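Listed next: structures, encoded as structure tokens.
Both complexes below contain chain A, partnered by chain B and then by chain C.
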Partner chain A sequence: MQDRSSSLAAPTASSGRQRPADTRMAIGQGLFVLASLGLAGIFLLQVLDAAGTVAIGFADWRPVLYAYLFWSVALCARQVLVRGEEGQKALFVLPAVLFTVAMAIFPTVFGFYIAFTDWNLSSSTGMKFNGLDNLRSLVNDPFFWNALGNMAFYVAMVLVQYAIAFGLALLLNAEIRARKFFRVAFLLPFMLSPVAVSWMIGKSLMEVRFGPLASLMKTLGWDSPAFFASPWIARLSIMAMDAWVWIPFVMILLLAGLQALPHEIKEAAKVDGATGWQSFWEITFPLMLPVSITAIVLRIIFQLKLADIVINVTSGGPGGATDTISSFIFREYRDRSNVGYGTMVAEVYLIVIIIFITLLLNLTARFMRKPD
Partner chain B sequence: MKLNVYQQLMAMQASRRALLRGAAGAGALAATASPLSIRTAFAQGDIRAEILKIPGVGAGSPTDADWQKVGELCLGGTKQTVQQGEFAGVELSFMGLNNQNLHNLLFRGFLKAWEDYTGAKITWIDLAQADYNPRLQQAIATGTVDFDILEMGAPFEGDVCGKGLASEMPDWVKALIDMDDYVDYLKAPVGTWGGKTYRISIDGDCHNFNYRTDVFSDAALAEAWKAEGHQGEWGVPKTWQKVNEVTKFLKGKQLNGQDLYGYLDPLKGWGGFAFYFLASRATAYAKHPDDKAWLFDADTMKPRINNEAWVRAIQDVVDLIPSGPADQLNADPGTTGFQQFLAGIGSMLSWWGDIGSSARTSDSSVVGDVVGFDILPGSDDVFNSKTGKWETLASGPNYAPNMAYIGWGVYVMSRVDSDAKKQKAAWSAAAHIGGKDLSLWTAAYPSGFQPYRKSHFNIPEWVGAGYDEAFIKSYLDSESNSYNHPNAAIEPRIPGIFQYYSVAEDELAKIFAGANSVKDGADAIAAAWEKITDQIGRDSQVKLYQASLGM
Partner chain C sequence: MAMTATSAETAHHTSRSHRTGLALGKVLIYAALIFWAFICLFPIFWTVTTTFKTANNVTQGHILPFIDFWPDWKGLRSLGLSPDTLFEVSTVRDEFLKRFLNSVYASVGASLLAIVIGSIAAYGLCRFDYRFGWMKNRDISFFFLSQLILPPVVLAMPFLVLYKNLVLLDTLTGLILIYTLMVLPIVIWIMRDQFETIPVELEQAALVDGCSVWGAFFRIVLPIALPGMVAAFILSVILCWNEYFFAALLTSSNAKTLPVMVASQTGSQGISWWSMAAISTAAILPLVLIGIFLERYIVKGLTAGAVK
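For the complex of A and B:
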């Protein structure tokens, strides 16, 4: 103890320049402790007030938000005051981390709490904890499983979109006339909102009575070109619209990959007498695998969120044939104000997506390592 | 066309489409000639006659300028109760719908003169029909009411008034809007909660039956009807049994080169609102004259949706799917009403009064001269839920018009009560929209609202506006006979009613698509309804349901 106190005292006594640094550190530390205590205290008071243990009369949870904001500022200040230059570097990332915690991580964690409650907005008794009831309901809910089955189909269709996008990318990478024009033109659908697409195409072009596409089909001999009346035609119609929006996205990724390929290899293959197909299958396609897998994985992530086109055009019909998990959650929330159960579906779906994407990434990583 | 006729029509700014309605041209002449001559005949002070000629029947859809003019002419009540500039500095927020570009869009025009006169400023929250329920429900549940005036249907009174979110109507407003003039079914308990009055009615909802007169007066079809061995004369069906028979008969037939279709069922959900259309079919089967309840058992809230009456109604819909237009599975009520029936597709339709008020006043309608109206069809027999047996009434078919949604009303929120000036401003604005004279205009023109006051059924006023007497009598009779029917089916004003309807729509979609049987689907709806009742609270739901039925 004696040794330690003397060693601690030594620098203070020996260097006057250390004093301001110590003061700064103490201020930083003190500010942070104060803010932390404030946040904890206000949170505790709000909880007690909400539970009815104390009667403070908070109108809402904004005091906790303000305390969190103050705590965030104190944390950032502490980084600079205590850690100096290292702390300044941390400030490049810290605000984004704090924002993510507030806007993504906290709502997700809080969502788990809501998922285990019976919370119907019309209920006079408000939110009630109901254990695993929502989970049990979900397991026995045919609408959930039906929507999940549809999602499997929609995800599988990403491969078809990928194949078409690859073909278009090859075309646009070739020496064709007006190549720049086509590149821009093919990108246009991607610039449109899927909501606009669902109205322009699903509710106008494909409208059975006056839609030009329906008229064309009638001319070609389809008596009643109803694009959304039977399950499989409706699913394929939804996928056609989805493809129209998203193929350009995949195509542009693949085109960038194609343009980055070294020309020498293809030229060497040509010299060696490889046919066009051999050149594609043996050289271009394998070299494009990393880009392809990135494009497919990204596209699957987007696809798992499919909702807007379905909600606007079919509302999940006919008979749930085009329903997606997101559109089902949308109905549970919007039409039925069933917040507890809707949140459970959303949280379970999030877990399913995380597991699926993790497996997919592991699988593709193994697949990519195979040639080594 | 004679030159003077052409010039007269041009002077009225009749739409090109209205002029091109072929046979309707003659009718248009008759309809447009009278208002012009009558216009000069009315005295300046006769506001009702004056506003009914804005823009005039057959002169195309009204515009914002028309709505503003109507609002200005109907400002008398405001001037009686408010000093000019009295509400300077007051800002009010108004939440309502923008369906079919109506509702709030009209209110803006109506309230323009009111804002200019009083000095108040109104900001608007416009919502699509499907977004309305969740927006309101969230505001109620989370205590985030961010509007001062609300357009709302009576089914939500349990949620809003029952939770103390609405402001009680002051006596001066009651006197100003003449509540005694409401049709009887809109009087208390509708609009009240715990004995207090909260609502200014601006609409009186019921589903009526719209049919094509040209189809049911066609000699060739009458001949074919007989030739195919159908019983009775060819004519407008009076029962749902006949509606189905006629619809199947019309499949594959044509009139004037156009394919004919019979009754139009909306088979796609509409945020809960499509359920009303099944209910309109079911009431004749399920609403027994000796029993006020028809949707749930009044003492337990046990759903009746899977009893024999409702299952039969659902089966009726399923039976007609092969006889309907292609893609009917993807048709919601907006489609059946505005894109099909008013556009000339289909011969029969249940809808709110919008079809009648739009048939001759909307640019999108081509059936104005060939549409007739009646109360909803009845049934040869009715299910007695208490005995579990079908009964044939001595009085003939059982009729039970569906008072679907009980009409829109305007409510002032209690958050204005702490500020006397703001409270008076909010009620003044609401009273202006719900004024007696202004309401005649909204009943006569596309507005989203139908007749709801006794004074709306004065046929000479409508004829003065340019309506054909036979047409308007048919329309108004269908409305008043529905409102005043002794066996009318009243909708429950219970919290969460649209949750019940929404979940039913999901199950019905499966039935209509053939993914589930009618009985199994109905049982699934019943199970889901039981769950919702338990979630919201069975005891309170029973109490509110009984109160809404006047039990």
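For the complex of A and C:
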């Protein structure tokens, strides 16, 4: 970009025109250097202050935050001032990049540091580096492996939700009256807060004594419908609630896929005399494969974050049977204020997720390529 | 089942038994639809009606208002919102309204911020070629979208520590920032899909007329992409409104949101059902209304990019 502006200015040979561009660049560069120095300087001062080497007495770390904000603005200004139109284009993504780096990448990296410390917020000793101790206790923690096993079950249940959602999408795609009503009604559970759902279904509809669902189960012959007493029934009850919330999401994606299918193909199948069942398995289902895989992968990604319902209905009980990794860490922090160990579990979980999702994406990509 | 469509066309060359089969199919379809609609709507109906029940109605399992039981203002009174308490001073109501407004500010603020940052980023990634070090457009897009798989727990503890040191714990600003981060990948995902459908020629014409890239973006592209932005905005508001995990960890008294209030009431044993129902109703009602009136936009937002 620099080359072009100078080559454009050269034929006119007027140094007067070249100078504003030069000063503009100088201002941009200068501002940026200044802001960088400021950020580094303030950060250094705060670190020294926190270590007790210098006694300035910062009340908090906000100065670093403001310095980072100023540095971000200077970086953006430099892009425009120095690089001209290219800089203006870069300005479109820069805010999002700077934001994400500050809010996601930095805390995650910082988390790795916390993970190797013995840090209990309720104890007075503060943070203490303890090497691999957290990792060691994690490997020996039956609750962690139990929660990981539960996650495998919960992720597998996504396929059941997918099957139900596909059925519902087919129903909605049929020639029916009041389609709008049914679509809105089917979508509503997805909109509701999982915390409210925890109460609405988990704590009141499924309540042993007065809940309507419990009463229904009693009339159907289940004497004491305790939905959260034994491990497997509790897991299934949690999944029933989770399905209630998330089936609409999968259904909407599949319905959009069904509506995008070309009509001619179905007509052709009908002329050939295929039954509904045949035409579904041989035509609709294969054509829906790309949408299905997108829906399932997205759903699995969301399922790996499952926490709210478990925290609020069973808090992991009975005996950790319904625990997810998230609810396990939540309790680790809330009941024991154990930040160091909780973070280690979280970071290990993140690595597990990244490996799992990468494998999943590779697998689906290979699977999708095969038919061609 | 979708094959029962256009029965009129095929009727003249199908046998009688086939036609009764079709009718039976119709009945089954409607039975299934009504069954599932009941499953979806009953918990909502139950929650709203329980707001108006007394202890007696709850223990005896009364379900239909006006038939099984006569509505009572008990639930709303516990929030200071019943007709007789509405004009009196009420600390419960103040508390509730504060939580409600916190939820509104946090979700709307975060969604607006995410829409601004996310839209311009999505537009840039759609139209220009970038090279940040080894990262090109594909990598930058992946960088943003990969934030989707980051589970909240990974960020929760570091944020707890960072916010404590930055004095952002229990503030709406802190909550808005983290919610923005949460919905940003989704906004970028939706908006990228939107911008891809807008023909490049429109902007090229504007550029020829002497607009800068930003001028062309604001004057030409933004008005066309508005429906997509509304869809992304609504979806973001829903996600932020329902967020519980971060709110539970990062707020304590001042910036507490509605889901945290609901959860804190659920935990305590022996809480009266009608007041729980009233709070739950307050938490879900705005979203039920959004769902009924803005369903079109939600579907648009959810299906963006997923169906090609």
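Rule of thumb we're sticking to: the second predicted complex is superposed on the first by the 357 of 372 C-alpha atoms of A that agree within 3 Å, B and C clash if a C-alpha of one lies under 4 Å from a C-alpha of the other, contacts with A are read in each partner's own complex, and residues count from 1 in each chain.
Throughout what follows, a residue touches a chain if its C-beta (ideal position, glycine included) is under 8 Å from a C-beta of that chain, and two chains touch if they have at least 3 such contacts.
All values derive from a computational prediction rather than experimental measurement.
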Per the overlay, which chain contacts more chain A residues, chain B or chain C?
C
After superposition on the shared chain, which partner residues are touched by A:Leu45: those of chain B (first), chain C (second), both, or neither?
neither
So in the superposed three-chain picture, is A:Ala90 touching just chain B, just chain C, both, or none of them (first/second/both/neither)?
second
Using the touch definition from the top, say if A:Leu287 reaches chain B (first), chain C (second), both or neither.
neither
Determine, under the contact definition given at the top, whether A:Arg209 touches first (chain B), second (chain C), both, or neither.
both
Partner chain(s) touched by A:Ser224 [first = chain B, second = chain C, both, neither]
first
Tell me the contact category for A:Phe143 with respect to chain B and chain C: first, second, both or neither.
first
Let me test your reading of the model: by the given contact rule, A:Tyr333 touches which partner, first (chain B), second (chain C), both or neither?
both
Where on chain A do chain B and chain C both make contact?
209, 333
The answer for chain B against chain A in the complex is residues 130-131, 133-134, 137-138, 140-141, 159, 162-163, 268-269, 271-272, 325-330, 332, 339, 345, 495-496, 498-499, 502-503, 505-506, 509-516, 532, 535-537, 540
What part of chain C is in contact with chain A in the complex they form?
1-7, 10, 29-30, 32-33, 36-37, 39-41, 43-44, 46-47, 50, 58-61, 63, 117-118, 120-121, 123-125, 128, 130, 132, 140, 143-144, 147-162, 165-167, 177-178, 180-181, 184, 188, 212-214, 217, 238, 241-242, 244-245, 248-249, 258-260, 262-263, 266-267, 273, 276-277, 280, 283-284, 287-288, 290-292, 295, 298-299, 302-303, 306-308
Going by the contact rule at the top, pick out the chain A residues touching chain C in the complex.
59-62, 65, 85, 88-93, 95-97, 99-100, 103-104, 107-108, 110-111, 114, 167-168, 170-176, 181-189, 191-201, 203-205, 209-210, 212, 215, 244, 248-249, 252-253, 256-258, 260, 266, 269-270, 274-276, 279-280, 284, 290-291, 294-295, 298, 301, 304-305, 307-308, 311-312, 325-326, 329-330, 333, 339, 342-343, 345-347, 349-350, 353-354, 357
Residues of chain A defined as touching chain B within the complex:
118, 120-126, 143, 208-209, 223-229, 231, 313-321, 331, 333-338
